[in-house]
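As structure tokens, here come the structures.
In the two assemblies presented below, chain A is common to both, partnered first by chain B and then by chain C.
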Partner chain A sequence: MHKPDFILLAVVIILFFIGLLMIYSASTATANYRGLNSSKYFTGQTIRTIIGFIISILIIIFMKHKWLEKYAGLMLVISWFLLLLPWSPFGVIVNGARRWVNIMGLQFQPSEIARFTLVVYIARYLAHNKDCVRDLKNGLIPLLSVVGVTTLLILLEPDFSFSLLVIVITIIMLILARIPTKYLTTMLLIGTLLFGILALATPYRVERIKAFLLNDQASPKNRYQTIQSLISLGSGQITGMGLGQSQQKFFFLPEPYTDFIFAILGEETGFVGTSIVMILFLLLLYRGVVIARNSPDMFSYYLTTGTIGFIFVEAMINIGVVTGTLPVTGLPLPFISYGSSSQIVNLLSMAVIINISRHTVKKKLSALENNIQEPFRNEVKINYVPQY
Partner chain B sequence: MAFEVKYPRLIIGFAVALTIWIGLEVKLLKIQVLQSAEYRNLATRQQYHRLPQYAERGAIFDANGYQLALNVETVDVVMNGRQIKDKSEYFRKVAELGLDAEVAKKKFNADKGYIVIAKGMPPQIDNSIKKRRIEGLYTVKSSKRYYPLGYIGRFIIGFLNSENNGSGIEESCNHILKGKDGWRWVRFNGRGEPFSSVGLADQLPNPGLNIYLTIDKDIQTIVEDELKKAVEDNEAKNAFAVLVKVKTGEIVSLATYPSMSLESDSTQQNSWLNRPIQEVFEPGSIFKIFLSAGALDKGYITENTMINCMGGKATFAKDFTITDSHKMRTSPFRDVLIYSSNIGTIQMSKRVPREEVYEIYKRFGFGQPTGIPLSGEQRGYLIRPELWSGVTKYSMAIGYGVSVTGIQLVMATAAIANKGKLMAPILVSRIEDNNGRVIQSFKPIQVRQVIAPETSRILTSILEDVVKKGTGKKAAVKETQIAGKTSTAKKLAKNNTGYSNKQYKSAFIGYFPSKYPVYALLVVVDEPTGHFFYGGDVAAPVFGRIAQKLLSLRNVSEVLEK
Partner chain C sequence: MKDAVEIQKRQGFILIRFFIILVFIYIIKLFYMQVINYKYYYEKAKDNMLKTDYSSAPRGKILDRNNKMLADFFLSYQLVVIPQKITNNPDVLSSIAKMTNRINLDEVAAILNDVKNPLNPVVIYTFIDTFSVKKGNKQRDEEMAFLHKIWQSQNEYPGIEIHKVPLRSYRYPENLCHVLGYVGEITAEQLIKLNLDNPNLYIPGDQVGRSGIEKQYEDKLHGKRGRSSKLITAKGRHLTSETIVESAVPGKDLVLTIDVDLQNAAQTALENRFAGTVIAMNPKTGEILALACTPTFNANMLSRGVSVKLWKAISQDPLHPLLNRAIQAAYPPASTFKVVTAGAALQARLISPFEMLKPCTGRYRYGDRLFYCWEKTGHGGNLDLNKGMTYSCDIYFYQVAERLGLERLTEYSKLCGFGFLSGIDIPYERRGLVPSERYYNLVFGKGNWGRGVSLNLAIGQGEMLVTPIQLITLFSGIANDGVVVQPHVLKEIRFQGKLEEKFIPKTYHLPFSKQNIQYIKEAARRVIAAKNATGKEARIKGLETAGKTGTAQNPHGPNHAWFVGFAPVNDPEICVVVFLEHGIAGGTYAAPIFRKVVQSYFALKNKRIKDGSSANYLAGDKEVQTGI
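Our next item is the complex of A and B:
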């Protein structure tokens, strides 16, 4: 056991700090309009972040990731149960979607919890069943069934983009587990077909996709969010209009403190600010790769890649939407967007990764490569031997 | 596999992620650096709007500083289409406020944040809107023109509609009254609500200037009341009057009855006619005094020159037979005028050469606009001598074959009263800015000396006799001596068969006090159909009553005592 990855820790802290700053600026107008205290959203987010950090410190210091490995299955089943809660009287319906649960004043999104436990479960499954990706009947199909159930439950809420993200992460983890090309291709084909049908079956998604593909020919109403987002980013220019100086947050830009917070960041801090956040996410990914590469066991390896991958992909999709590169989805920007569940889950999952970083083993790159699973089998045993 | 040894999947994955990252970073560079000017321009265009700041219109005052036209605060009701969620509920609430929901429905546009649905509403409506918490409905300050006197003086003050059409001072002096509109840059939010001024590049409006008229609202009221009475008593079509101060040419009253309707309704074009300046007519006997003045002045006759009045009936040319209602034989010229003998006047005109006749009329100002600052002033028609037929001179001498306006008649008569000096009419005495600083004041302008003071004196003594013992007896009042002349002009028949024997324009023109004239007044009553039709019976009493009431006003009697 050694010191944790302080760079990764710093990246997470800085991203949260930027997030709180941007939420303060972006949410005041909406809070005032809704007759709330202007710092209501900021205060709530700050309190949650502080509580999250306290728990995170405990996780970093005291947690053994073996615990996660041991209870992965149980946690996933609990998550499924939670995913059913929105259909119970505890469910809160927002804009026609059952994504929220309210139990005695505690509001949370079961899907955010499920996406973490699913990654933990997949990591355990891949680590424990060597060559499972090559075994269709006894390996791949049981795993994909578990993933399928989780995705279906999220899809029913309905949360289309989030379930798509879950699938993407599963595929990334399977690729890292060296899934044979023929299975991968088949999976991608079936996946694309299924999600394609689902996308085309809902009128508003068709509109969004049309708006994205047709660009200028689409009606201004469908392009409105993207146009406003681009105006926000563009008017920030290189150095931005200054903190708190966003004009677009005054109801031009929809969701200024959640899905489109990156646009407000761009408006207030310019290209410099957006690039800093971009670099922080790249650094996050890089540190994640380094930790994964040196991870003490296969479970840690898959858990790190899955967790970091999820956050990075979500961030890139969000920024892709904000820059008009992707059609509009409802995904938040990790660490920065306002949102209780995603933020807590992101924070705690990062704490788990930083905890793992305390147990990394320096290895030559080639040791990892030749047989990706064999060396780790051995190293599981030496896992608890102090390194220093 | 060698391939996988060299490039493990973790590294490939990182490379793929890095590529995506670089792509997005390039996209950000494009948006925030390369195309940023374009986006900032778009941002400015949707966030900032130039709101017009209307200049406050100048007020119109009478000679004593009484407000004739002013602005009252009102509000315009504005609908924000973007904020309206439940349309039927919204329009029901709009109707509850007493606004026209149909208009609002027609103008509704879900993409527009600023739609005016009612103008000039009382400011209290703002409270009702706030009380009902109607989302998407608010008010914007505006103002409305208000005329405290109602229909009194409406022809002078006039109006101006939103298309800049109008009448009176409001229209003719619009360039002075309107001021200069400015603008204000205002930041709007995405809901279409203005929420802060920018304070930069704003242009403050320049308020319009105030206009002070020579009109006296008390006198104007007296005159209009008397005209109303005259029209009603004589069952006439209409009547008008002009009262001027002879020394300065200041117009004290300019009145027409029936008055213009208060609504600036364009369907009633005819009622817009400001008769004293816009209606031309054949003046009849009143016109005799001008040729008489000229002939006396040039020495063609004296007041005692004997004129053959031919016993009341004479034929001067084929189809030109003239009769007098007061039959006279050979009489001194004084009596010709006192008893308004047509034949005598024509006989007198024979002594004056035609160029001279034309010159006399022209010097009194006929055939030319007087220059009163109201638009639509008519110039009348004075035929040039080259075009005269054999009887033109004769008919003109008795006020036919010539057309004039009331204001021309009054100014010409005032010249006789004013020792022969023709003054230009003044309607606007001064222009002031909001702080009471005089921007321009209008001093009396003498146009020309038309006749000698001595001629003026002789003519006045004749015109005094018209009232004392001639056709104008009913104008006499005990308070002062009036000098004047009656007229009963036959109107042209509608069917083009010459002059009518039923339709008359009865008039009286004169000035008082005759010893030191202060006021000149013309009263014209059109088509009296009651018991009387002679000017001496219809218009003269009106003249007398106006003079009487005028003299009872304190500020007037003070002026006269000086």
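Our next item is the complex of A and C:
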């Protein structure tokens, strides 16, 4: 055991800090309009972040990641149960989607919990069944059915883009587990087909994709969000209009403090701000890779890559939407966007990674290239340490 | 097997590289948007913030030379939608549409889909002219009830507003339709074109001139809207009280050279028996006193939005009511062209006015072709210029044409203004056609046409095409002793009652000497005054007139009839051309119309002298600069 990865910790704290700043700026207009205290969203987010940080510190100091490994299956089953809750009287329907549960004033999104427990479960599965990715019948299919059930439950909410994200992360983890190319291509094909059909079956998704592909020819009504988002980014110029000076947040840009907060960031802090955030996410990825490379065992290896990968991919999709590179989806920007469950889960999962970073074993770069199974050797060594 | 493992191992690295590249692609994209191309977005962001309220500026009035109102405006109501407010309450539109059957939801949706700035109002319906349509009209009553309903409960329909707008109204919608033209709602293309220099000059729903004076002087007539822009949020609340204000400037008023009483007289004289045109012009000043065309259309109806049915009826009418025959239709000039033939021959010293040419026997041999006179039995006896003109003898002019030749003939007709725009300030004028040797070579092929064409041209038949305005320009030049003044309809431009600009016409000289023009004038006088002359129907007691008849052979039906002339001969005040499509014969049908118009001109003049307001007729005489 040694010191945690302070760089990663710093990156997370800076991102949270930027997020709180942007939420304060972007949410006041909406809060005022809804007749709430203008700093309501900011206060809520700050309190959650502080509570999250306190729990995180406890996790970083006291948690053993073996616990997660041990109870991975149980946690997944519990989160499946939670995913069913929106259909119970506890469910809260927002805009026709059952994504929220309200138990005695405590509101949360079960899908956010499920995505973490699923990553934990996949990590355990891949770590425990060494060659499972090569064994279709006893390895891949059971794993994929577990992923499938989780995805289906999320899809039913419905939360299309989130379930797509879950699939992407599963595939990334399988790639890291050295899944044979033929299985990978088949999976990609089937997945593309299924999600393609699902996307085309709903008119508003078709509209969004059309608006994205046709670009300028599409009716401005369907492109409204993207257009407004680009206007926000572009009008920020190099150094931005200054904190709190965004004009687009006055209802020109929809969702200014959740999905499109990056656009407000671009408007208020300009290219300097946006590129700093991009670099912070890149740094997050880099530190994640370093921790994974030096991870003490296979479970923590997969857990780190899965968690970091999830956050990174989610961020990239969100920024892709905001910069008009991808069609409009409903994914928030991790750490920065306003949101209770995603915020807590992101924070706690990062705490787990930082906890793992305390147990890393320094390896040469070539170790990873020569033998990806190096962590196992460590485990063996640890087992042979004489007990005094 | 080892290779496969290598590939799998690399997948993880490829993944990381892919992520890194992705981040840099985003950074490059952000750099492009925020550092290189920021201006584009910055401008759009400004647009987002500004809500502009427009106050309307009425179009300039149009007056006749005696300050009689020809076109002004009435206040109309328009149903207007603020797209941003509607998107939040889509039911409002459908509940509005339920109240009346005059709003098509699909059309409105199409309009709203194309909106650029969702904060600026969009006109979705213009109410009927409640001032000119009397009470008791079913449509009017329905609309007024609808209007009041919305007015009373405007709070229930957020995003729907009723605006009061000044719309064009014509006092003589039928009689002046071809001079004034009509207006219509601005199209998307025009909006871009007209707003090139001044981005806020026009907004959707504005009226622009579609034809006639309205189009020609659009830049003068169009008023400048008042604007007040406020910085606001997308939900419509004001961020600051800071406003940019520009006050409305009404359009400039136009005073025309048209005398509306004479115009009405001309229109009455034309009747609706023929499709045709009458132009009356002051030969000394180039002022068009009347320009009547039949058939007419109702400019008020066309200006207030035409139904598809009405538009079809107008545009597919075989008589083409939208066609301004005075300037847009070109016909063979027929015998009226003999003036040019004679003038050219005199000027080239190929004939003398008193020279007797070979007698008319009804036919004339040129080469191996026989050319006939319109009088099949012949005019008998030898003819000089005066007689040749008086009886419009074709044989006389065949002989003149033989001396002239094709080249000289076409050259002189071009110098007389044929084949060129007369320069009248009404848009879409046509040039007509003066066929030259090159033209015949092109159409018939080299060597496939005979020199005989010049004989046909000399009497105004054949391929030559002239517009009535070209012909009257020529004759007013003759009346004015060779000086042609550019015909024009605009007299002056006034702004808020003050004279701002006067129309100064250009002039040029006919290619004939003063003496030769005197010969032609004398001949033209005899066309009306002589015994049994072709133009005797145009004779007016106590007034010396000169003119020329014309009957254009028309292979597609009855002949076209021409009459063009001026009065009085010694000091011409008015020059009139009459053209009747399928008018059968110039002397019989066109000449009486000329007489009526000239008579009503002098009747009006005498009446005005009596009333002491003759100044308008004489004004401007001295201002015209007579150039070469």
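Brief remarks follow.
Operating definition for what follows: the second predicted complex is superposed on the first by the 372 of 388 C-alpha atoms of A that agree within 3 Å, B and C clash if a C-alpha of one lies under 4 Å from a C-alpha of the other, contacts with A are read in each partner's own complex, and residues count from 1 in each chain.
Throughout what follows, a contact is a pair of C-beta atoms (placed from the backbone, for glycine too) under 8 Å apart; a residue touches a chain by one contact, two chains touch by 3 or more.
What you are looking at is a predicted structure, and each value in this text was computed from that prediction instead of being measured.
Because the two structures share chain A, they can be overlaid on it, and in that overlay chain B clashes with chain C. Once the two complexes are overlaid on the shared chain, A:T323 sits against chain B and chain C alike. Looking at the shared chain after the overlay, A:G196 reaches neither chain B nor chain C. Using the contact criterion defined above for the overlaid structures, shared-chain residue A:R293 touches chain B, although it does not reach chain C.
Applying the stated contact rule after C-alpha superposition, one finds that A:G242 touches neither chain B nor chain C. Residue contacts after overlaying the shared chain place A:P180 against chain C, while chain B stays out of touching range. Of the stretches 27-35, 351-359, 495-503 or 531-539 listed for chain C, only 27-35 runs into chain B once the two complexes are overlaid on chain A.
In the superposition on chain A, chain A positions 29, 172, 175-176, 178, 227-228, 230-238, 247-248, 250-252, 266, 270-271, 274-275, 278, 281-282, 285, 289, 312, 316, 319-320, 323, 325, 369, 372 are in contact with chain B in one complex as well as with chain C in the other. Taken in their complex, chain B has these residues touching chain A: 4-5, 8-11, 13-14, 17-18, 20-21, 23-25, 27-29, 31-33, 35-40, 42-44, 46-47, 187, 189-191, 195. Of all residues in chain A, those touching chain C in their complex are 29, 33, 172, 175-176, 178-181, 219-221, 227-228, 230-238, 247-248, 250-252, 266, 270-271, 274-275, 278-279, 281-282, 285, 289, 312, 316, 319-320, 323, 325, 369, 372.
Residues 4-5, 7-9, 11-12, 15-16, 19-20, 22-23, 25-27, 29-31, 33-35, 37-38, 40-42, 44-45, 48-49, 87, 113-116, 232-235, 239 of chain C are the ones touching chain A in the complex.
Across the interface of their complex, chain B is touched by residues 29, 172, 175-176, 178, 227-228, 230-238, 247-248, 250-253, 266, 270-271, 274-275, 278, 281-282, 285-286, 289, 292-293, 305, 309, 312, 316, 319-320, 323-325, 365-366, 368-370, 372 of chain A.
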